[in-house]
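Two complexes follow with chain A in common, the first pairing it with chain B and the second with chain C.
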Partner chain A sequence: MGFITQIMNGLSTGGMYALVAIGYTMVYGIAKMINFAHGEFIMVGAYIAYVFTTMLKMPIFVSVIASIIGCALLGVITEKVAYKPLRGSGSLSVLITAIGVSYLLQNLFLILFGSAARTFPTYMKSGTLNIFGIRITYISLLSLCLTLVCTGILLFFINKTRLGKAMRAVSEDRGAAELMGINVNNTISLTFAIGSGLGAIAGIIYGMSYSLINPYLGAMLGIKAFIAAVLGGIGNIQGAMVGGLIIGVAEAFTIAYISSTFSDAVVFGILIFILLVKPAGLFGKNVREKV
Partner chain B sequence: MSMKKNELKNMLVSFIFSMVIYGVMMFMMSSGVIGTYWSGVLILACINIILASSLNLASGYLGQLTLGHAGFMSVGAYVAALTSLYLQMPLFVGLIFGAIVAAGVGLIIGIPTLRLKGDYLCIITLAFNEIIRIIMLNLDITNGAKGLMGIPPDTNFTIVFICVVLTIFIISSVVKSRFGRAIISIREDETASELTGIPTSKYKIMAFVISAFFAGLAGGLYAHYMGMLLPSIFDYNKSVEILVMVVLGGMGNIKGSIIAALLLTILPEYLRAFNDYRMLLYAVVLIAAMILKEKDLIPHIKEKFSKKKNEEVTE
Partner chain C sequence: MALLKTEGLGIQFGGLKAVDEFNFEIDKNQLYGLIGPNGAGKTTVFNLLTGVYQPTSGQIIFDGKSLLKKSPTQITQMGIARTFQNIRLFKEMSVIDNVKVGLHYSQNYSLFSAICKLPQYFRGEEAIDEMARSLLRVFDLEQFAESKAKNLPYGKQRKLEIARALATSPKLLLLDEPAAGMNPTETAELMETIKIVREKFSIAILLIEHDMKLVMGICEKIAVLNFGTVLAFGTPEEIRNNPDVVTAYLGTEE
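== the complex of A and B ==
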């Protein structure tokens, strides 16, 4: 049964990666940029929830909503201030700017809250559920369910609503979408808002699973989630979810059966393997280069 | 014929110029105008110049976005440190050996990865950087997370300065050569270069290997300056730091890289007093610089230089 328990462990961290990866993939699909600061949005989400619950003594519901709205706003503002002026310029400038935003948020929170880890409030009891001898913590279960529900809602939104259609159009061809009367700026803002909002949920799950948060939590989480997005095929939401779960399980297995020090190496190894074998990702389409 | 003469003259001028700088620096250090602390900063600045100008070859001239330069630096650093610790070899041997091994690692990484472009190349080189760091963290010979101690601190200003001059001389010669023009054409249009008969894959890998070689050299100098090595020094933040120097100095502009490396090493030292806010300021400067550059509010140093060059040619 240890084997299945490891899979469940993996799926619950994987669920968190998946939520972050979806944000990455949406932003990449539309803005065609790696938002390196996305990991920091997660950190900010976790801290907002912490501030509202522990410092302001607000109920859980209010804290979660505040965290999602706060992150969504942060995403939109970041895009407007830092990324929009660079739209259409080389990927290098955008990359460096995104890294700059990531440093900015990290150090801002370092100054505000100090480098010591803060204890995240306990939103739910930390028991385990025993189904047929498989032990699952409530938090793992919640993480997994939230991922599935969020992905479901998002897929419905993107495939069935007008705004979702606009998003797909912009990611396919920005110029043509603009000519069809789609407000490109608003659509990009909306994408950043949704992606960052999902990041906030991931941040809260992180806080609940590890119960300690620090200003650096987003850096590695962000990179791993990006790897998940690449694994699934960048720009593809189902792909990002599957990629996240695979990364989570791979990591759990490495920790359980090899060594915890190599868990990061395995994740990076997966990235290298997928990029060399099928750069478009598991669910991506190969795009032929045109001259 | 006159071109050759011109080149010779330029070389002589650069040589005399660097000798003058060296003389002035040595005088200021021995007379105490530049104290021990600032001489140390200057050595680090020189190491950064080597790193930035070598990365400029891969990212600026060849146009390949890589975020793994710190990985090659760490290979060079560890190999150089270990050759002097275990084989009792002189500094010179360690530096060369470290650089060669780094170039070898560059070859191994370059062959599969350089097929990728843009963001993907960037992220895969970042992955290799992290894997190298994790390997260094888990090997016995590198003493893992505890770090390698007691490396003979042989690096001094003279050695670093010679290495800087050699690096800049070699990289600018490479860039001016037929090979250099070929890699610039790869940057401008890879498909077109391929069609004109340039072996693009081979040249890309060659440029990447040269770049890794000098990163390894810088690593070796760093190891023998610090006297100790920790795997955490060479994480992707270090790679970002080097890339920022290249970008701020101007892609494909060695002089820019030198100035940016000097500024970005020396200026933060003045901000030591505001330690908490230093990184915050750095982040703001980074974002602002990128946006201003895109808006053409900063006069391009690169363009000024190239304009000058054009005038020379028309003469």
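== the complex of A and C ==
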């Protein structure tokens, strides 16, 4: 039974990675850039929830909504201010700018809240559910359910709605999409808003699971989620979800059966392995040049 | 009044005048051909008209409004649609979704209504589905509605691109070498399609084409472009007998 419990643990951390990975993958798919500040958006999401609940004594529901809206706005504003002016210039300059934004946010929160960890409010009673001898914490269950629900809604949105179609069109051919009457700027803003909003949810799950938050929490989480996105095939939403869950489970197994010090090594090992064996990722397509 | 009018239109890339003093008029429901040797600036004219390039001189008036400083998106919404020389469909999307992308922006429903007013959303979606299918029917593509655009044969991809452009309900349709790479049968079929489109949708069409049989066969008027400037205007008959045009295409007899 310990084995299954470990899988459940892995799936719940994996769910958090998946939510972040979806943000990376969506932005990459549509804006063709890797937003390395995405991890910091998650940190900001966690802090907004903290400020609303602990400092402003707002109800949980209000705090969560505020966190999602705040992160979505942060995403949209960052894109407008930092990335949009660089559209059309090389991908390297956008990448460096993203890293810059990431440090800016990290240090801004360091000044605002200090480097000491803050206690995240308890949104949910801690405890475990016992199903046929498998012990699952409530938070794990919530994290996994939220991931599945969010991914489901997102896939419906992208495949079935008008704005979703516009996003797919922009992702495939920005120029042609413009000439079909699609407003590319709005579509990219929407992508950043959705990706960052999902990041806020991941930030809250992080706070609930570890109960301590600090301004650096987004750095490692962001990198691991990025690996998850690459593992699933960057640009592919289902891939990002599966990638996140795999990374989560791999990490849980390493901690349980090998040693917790190796968990990061295993995750980065997976990245190296996938880049060697299947660089396009599990769900990615190999693009072959036609000659 | 002319539907589209350009006055002294020009664009310069560094020292090269790709298009210079391009004066041109197209009326409602007219079928106009734009021909010229390779590199004459035909596609550049299309890119100027659709806002992909901003002209360095001159003026474009469409439907009484200036198109200068307008984005491609705005110009499409004003009623100019185009196809591309090298097909640029959304290859990974289904045939019907390609058309729907074009249709969506003539349908009014927001993200808000998509979330909050589901019945209205589904009604809108049904209407769009019906419109998309009837457009595909015109081009004999309905049986391929669900397959991916990239799996269509070449000639049908060309047709789908025209269908997608028409979905934006344009007043003027720009076709950039629609017959490129087609065999004679497909070209003949395409000529018929273009005629049908013009009658059914009563729109003006501006056509770039190298296939002289096609251009001479269906266009009412033709403009000949050479080195970025207009060499001649006229009916197909006049163009065929114009000595300047013959020189531009075949060179002079020494």
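Rule of thumb we're sticking to: the second predicted complex is superposed on the first by the 288 of 291 C-alpha atoms of A that agree within 3 Å, B and C clash if a C-alpha of one lies under 4 Å from a C-alpha of the other, contacts with A are read in each partner's own complex, and residues count from 1 in each chain.
Quick note on the criterion: a residue touches a chain if its C-beta (ideal position, glycine included) is under 8 Å from a C-beta of that chain, and two chains touch if they have at least 3 such contacts.
Since this is a predicted model, take the numbers as computed values, not measurements.
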Touching partner for A:R162 - first (chain B), second (chain C), both, neither: second
Touched partner set for A:V184, first chain B, second chain C, both or neither: second
Which of chain B and chain C A:T122 touches, first, second, both or neither: neither
Which partner, chain B or chain C, touches more chain A residues: B
Touching partner for A:L92 - first (chain B), second (chain C), both, neither: first
First, second, both or neither for A:A265, with chain B first and chain C second: first
Which superposed partner A:A176 touches (first chain B, second chain C, both, neither): second
Common ground on chain A, meaning residues reached by chain C in one complex and by chain B in the other: none
In the complex with chain A, residue positions of chain B that touch it: 59, 65, 112-113, 115-116, 118-120, 122-124, 126-128, 130-131, 134-135, 137-138, 191, 240, 243-244, 247, 251, 276-277, 279-280, 282-284, 286-287, 290-291, 293-295
Interface residues, chain A side, partner chain C - complex: 160-163, 165-166, 168-169, 172-173, 175-184, 190
In the complex, chain A residues that touch chain B: 33-34, 82, 85-86, 89, 91-97, 99-101, 103-104, 106-108, 110-111, 223, 226-227, 230, 261-262, 264-265, 268-269, 271-272, 275-276, 279, 289, 291
Chain A-facing residues of chain C, complex: 50, 52, 71-73, 76-77, 81-82, 84, 88-93, 97, 100-102, 104-105, 107, 109, 111, 114, 121, 125, 128, 164, 167-168
